[in-house]
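Both complexes shown next keep chain A, but they swap its partner, so chain B is in the first and chain C is in the second.
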Partner chain A sequence: MKNQSSVLLAEDDELLATLIKHRLEKGGYQVILNRDGKEVKEHLNMSIPDIIICDIMMPYFSGMELIDFVRNELNSNVPIIIISSAGNEENVLNAFELGANDFLSKPISPSELLVRVAKELNKTKRAD
Partner chain B sequence: MIVEFLFYEENVSIAEDTNYAHLKSEIRNLLNNPFNRKVLIDVLMDLRKDLSGNTLNNLFELFQSLGLHHDSYKKLESWKWQTVSKGILELTQLHVEDSYVFIAKFINDKRSTIRKQAEIAIITLKNEGVNYFLDTTTYRISEWQQLKILEVLKNKTNYLPPSFNQWLLSKNKDVVLFSLRLMKVYNQTDGNKALIELLKHKNAQIKFAAINCISEFHVVSAIETLKLVFWNSSVDIKIATLDAIASLGSSAEIEFFKSVGVKESNFNVKSKALSCINVISPMSVLPTSGVQSVDKFKIPNDIDNETLTEINIDVIEHTTPQNEDIVTINESQSDTAKTALKKQTNIDKSSIQEELISEIQEELVSEDVHLNQDHINENVELPLETKPFAADIDSDIEGFSIDFLPLVFTDEKTVKSEKYIPNKNISDSKQIELSELELIFEEVSSEEIKVENVNEILIDEIDVAFIPIVIPSQEEINSKQNQENVKPLNPLNIDVIYSEIIIDIKKENKKPAEPPKIKAQQKTLRKKKKTAPKVPTSIQDITMKNIKNIECNAVEVDYDRKVTEEIDNDVFDSDLSLEIPRELTTIEWILAENEAQSEMKHKIKTILNQQDKASFKLPKPNILSENSISTMVLLNDIEALGDEREIPLLKNLLLDEKEPILREQIEYLLIKISKTEVLKREPIKPDTVVYSVFEEYFGRLDIQSKLILLDEISAVGDEKEIPFLRRVVESSKAKVHLKAQKCLEQLIARLLKEKEQINTEILKSKSVITAKTEIKISKENSPKISEKPFSIFEIDFDITRDN
Partner chain C sequence: MKTNNLLSLLKRMESTLGEFSFDELTSQEATYLKDSFQSFKNDLQNKVNGHESIQVDVSERAESNEPNFESNLIANVSHEIRTPLNGIIGFTDLLKESQLNTEQLLNVNAIQKASNTLLELVNELLEYSKLASGKEQFQEIDFNIFSLTNDVIFLCNTLIVDKKVNLTSAIKKEIPKFLIGDPSKLTQVLLNTIGNAIKFVDDGEVSLNISIAKQSSDNIRLQFEIQDNGIGISQDKINQIFNPYVQGDADTSARYGGTGLGLNIVQQIVKNLGGTICIQSKLGIGTTVQFEMPFSIGNQNLQPIVPKKTKVNSSALESVSGLNILVFEDNELNKQLMQKRLDIWNCNMHITEKPEFGINVLENHAIDLILMDLRMPIMSGFEITKLIRTHNSLRIRQIPIIAVTADYTIQDQEKCNSFGINDYLLKPFSPEELLAKMVVYKNGYNMPKENKNNTQISKQNLITTDKPVDLTILYDQCDGSLELLKNLISILKNNVIEFKSKAKASIHDKDIAALAFSAHKIKGGVAMIQANILLKTIVEIQNGCTESPDFKHLEFLLSRFNIDYIDIEKAIDMAFDKLNSN
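And now, the complex of A and B:
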């Protein structure tokens, strides 16, 4: 394994989630897959990953709420990459205002995602 | 497994490569099952939405390498439109370029969904798809479809659009329109000549699109054609054409716009033409509607009219050529034309004056500029009527009725010089606008007005026809003539001589409409003179009777003025010195009139009452007994509802009834019923068509319901249903035919059974009756048993002794 950075992937679309997970794992990341917002919250309360990749539209807990939870309740600066099919300006701006680090509109290229994840992790490493 | 395939890279380790080969064989085994193939296609289709980039290309390759596209080809062969559509969608979404040829066949498919899907597919699959589509399509291309195709084209990478002007020659109107749209999108200016030619197209949509393209590409050479085409176009096209000319043209086109403004009848086109003039040369046409006249504005007193007119002249000299044109027309036209043009010039004048006032005020306030009298050139011919407003009004007032206006006196001079004469020169009057009048009002106090002989003026104008004519005596007239000063009359001091006049009522009744004859009246007057010397000398002596007589006399006089004149001459000039009331005051006249009227009314009432008693007697009520009333009700019912069956009853009633009214009614009914045609109708024959209640309902049902209903008919129907079922049997539908036949048989069988049952019951009942009757008869025939109780002692026997 090149590195052992943990990635929390929150995506309700099973097929896409599997695909991304596979790609990230292939890229050398440890991927924790969560299907809905509730699971994500539970997991975050236990441990905070190196990076979070989440969809905006999820059951129980939306991507926006998740950002707010991480930034305001957990007070964590963990990088968050948002994936959304609703890539309109309002959503993008809202996500960035709340504290998202990156935004990807569907359809996504898994390879591109991999690059973005690496970039964000590098940033945090540099900051540390 | 799919993910492994998607992210497979060639430069991997041997272990991974062997794993990949193993997976491939595994998946091929799985794909032998058609269900698995279907699931895999769906998964790939689903993944395709969320993926992009290299992974997506891998997905496309996977789809073809697994041979799943063959499944999609198979779908194209289906006769179901939805399957074909799904096949086309799969091949398009998963980019199977080889399918282009197969899909292109559906470009002119009669099923619109397939056709539209194919259009999108071939444009998506290959760049030359648009060319093929525009070449071959014969159907119309909807606006939505055009937008979708445009979206596909925009998303295409490395796409070089063809020259779309080649499709401007297409026979398909929509292809031409779409080509024009594409030309506009890709800014293809190489088809200007074709665009100019399309301006002459008979189709308005194409014309409109061509005009839009010409405006967009700024094809100046099209102006002449646009002008030519303009006159033979619809309103919308005309407006678009004017817009295009305005955007392309120069000041040379102003004349064209002016001619459009004059010749065009449509308001929108006219106003567009005017706005186009402003587009070419801004502010050459100024707004006129809603612009107020300067006359209405309050001007400060220190600015006199002369100053205004001076500036008017200056400004008008410097006005636009348009205004000059109008002015020259105004000067050269005849008087009648002048009045027609006045409105227009007034509008111009008002707008100019408005500007002037604002300018003057600014100048006076800020710079305190004194306008020099030298500026006024007296020899200058004024293009507009630049006289002071008051003078304008004077000239206008001459021919205009201003009776309704209040008399306002500005000063003594004007009052004297301009004496108002009502209705002056009405015949020569010109029609002028009220708004054009300029009036200067001043408040007038009561002290300032010295009105003389107002009473005279008033009396001249008052209509006194309603006042009864009072005939003065000759002496009175003479004395009046002699007296210069007329003293006011005191009604109490008047000596009135009354004479009683008896009206001959008989004569009046005979000829009430005729006015009284003077001779006859003279006679009566003479008679009265002899018999009635009693005449009241003062007002206290006047009795109501006298007043009545006076009234009668006055009424007679009022009939006709000629008559009164004759009376004047004849009666008063006669040698009989008859004393007739000479003067009566108004109060006396009113009193007398009221009294006479009430008396006359009373008389009329009494006469009418007498007549009523004599001739208009109401019929006495004919009270019937209760029995008769019920009979009457019965007869009414029979009249309304009865038929020939009521004849015997009516006959019986006629025999019993004694009341003449009822007898009359019964006789009338008997005649009526026996003569009524309706009741003479023949009874319904059994051969006539029998209506089945199911028939109407049956026609509306579907086959299944019909079959159910037929079962019901066989179960509950009666004889009426037989002819209906026979008609149903003739039905073309096999199911219904068979069912109806079966039902008919069942129904007939059931009805026969029922009849048999009824018959047996009847027979049974008959046999019971016969048995009973037999018993009865036998009983009647059998010897009668003695009614007395049997007694042993009645046995007739003899007791004997046997030894």
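And now, the complex of A and C:
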């Protein structure tokens, strides 16, 4: 049990979600998987994880709205990593402006994602 | 004013009709009512249209009203049935090419046979409805009556399975070789009548005789006689035999199948072409069908370039054996004819009228030669040629294409050249003519020697480098867990199933946003397994999701995805098995 950091994963592509979840769990993380924006919001209202990984395009509630919700309504600084297939400049800038910590364009490498998750969590630890 | 009176009377009658129960009527009363209404209707029609149609027998008119509604209904329903049926047949063909065990192959064969029978029935219904509604169009083109007869006899011989039927034909030598008329309709009539004769003979003779009934300098009337010594038809049934849906007796349909439309169609065609038909039969002795048809006499020096006669010799046959041929053809009869011929010559044949299906065949099979009908309903042969000649695979661009056409003019020749069609065959063609072309083009005719080698190499490249899927990248991400990979693959497969049905529904509902979303969702998984063929289609679907979408095109793309996926799914399983065994 190297770390028991909790990751909220919001991704409705089941294939990618399964792959990421598996890799994160193997890396010692506790993963909560949500399939759509509504579920994510409900979950966040109950508890805030150590880090959020979130797809931009999700049913009911987009990744962008989610960042806005976390930062402005929950007033939380929890790290948010956005993954998106629409990795154009506008989207990237928009996400960072809203308060995302990192941005990965699809197709993503789960290994790279793992590194970035660890990096974000380290930053938070140092800040604590 | 009088019209108004009449109309108000009619309105009152209609309202009375509403309060009226037909259960109270005896059948005689019902007949009186019907006849009275019919005669009222006829009188009215005569008043409105004048007296021109007064000669027509009332019973015939009553009949001619119903078929119009009936034939429209049949036409619509048949079309609706034919579309999915073509899908079933196409996919059955594909299924047959996959690795199946003996039992599975038998089952697939049964599906194939049943669906082909169904297609024949549907086509027959469609034909009947077209004829009944007067929508059928007839051709006026030059054709060779002798080769047409040969074709028909050849095809009919293939119908003789598991029985001893001796089929003979005699055609008067004095008949001019080239006539002008509708060769495909004549073929159909002959196939139908001879086919019928063969159907009802188990052990015996069927003969076709063609002679001259009348001849002038420009026109000729031919008499065709089809004689058999089969089961025959009883005297009381023979008068009805041309009526739609009527067969010899109740047992006949059970024993021999069919819609009972065949002879009716034949009669309609013959009538429409200005001919006459009659039938004589004795129960247990046999049946003779005789019909006459007028033709114009064509230019006897018609064929511009007489193809070099190649005898069907064994070396020519050997050299085409095993060739892979793709045939674009929409006419059912020509399809069958081509299929039988190429079967006999031991060639592998794919036949379709659908551009997407054909291109898919080209991408997945090492096709040696393409035979292209120039006039097809979905897309013309020229347009399909354009797709082939601009395909991104060099191998596919270089496959020789031979146009198959009923009329070929200098303009056609220029057009063929400009589109990249290599040669042509004039319809109807003899087996020798077809074989000659195949021998000439079997090795990629107009390519210099070194190029030929290139094609060979690129063929191999296609197999080794253009892998349909590559699981290694995904497997790398699985951190060595085959279990996870297996899990991911099954998720992907489910996602594809979901995508297919959702996309279909979105196209049906014209919901472009939903379609774009589905395409977006499946794209990631498809990219992960490196299924580039599918990925390309998905991107095209995404690009097609514009503000003014072309749903027909999207439907085509989706069907291409569906067809491609059949092979991809197999490739996924194979790739996984390979990883699993390492």
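Just so it is clear, the second predicted complex is superposed on the first by the 128 of 128 C-alpha atoms of A that agree within 3 Å, B and C clash if a C-alpha of one lies under 4 Å from a C-alpha of the other, contacts with A are read in each partner's own complex, and residues count from 1 in each chain.
One rule holds for everything that comes next: contacts are C-beta pairs under 8 Å (C-beta built on N, C-alpha and C of every residue); 3 or more make two chains touch, one makes a residue touch a chain.
Remember, predicted model here, so these are calculated numbers, not experimental data.
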Touching partner for A:M57 - first (chain B), second (chain C), both, neither: second
Touching partner for A:H22 - first (chain B), second (chain C), both, neither: both
Which superposed partner A:D12 touches (first chain B, second chain C, both, neither): second
Touched partner set for A:K106, first chain B, second chain C, both or neither: both
Touching both chain B and chain C, residues of chain A: 13, 15-16, 18-19, 22-23, 26, 85, 106-107, 109-111
For the chain A and chain C complex, residues of the former touching the latter: 12-16, 18-19, 22-23, 26, 57, 85, 106-107, 109-111
Residues of chain B defined as touching chain A within the complex: 3-4, 6-7, 43, 46-56
Chain C residues within the chain A interface of the complex: 474, 477-479, 481, 484, 487-488, 491-492, 494-495, 517, 520-521, 523-525, 527-528
Of all residues in chain A, those that touch chain B in their complex: 13, 15-16, 18-19, 22-23, 26, 85, 106-112
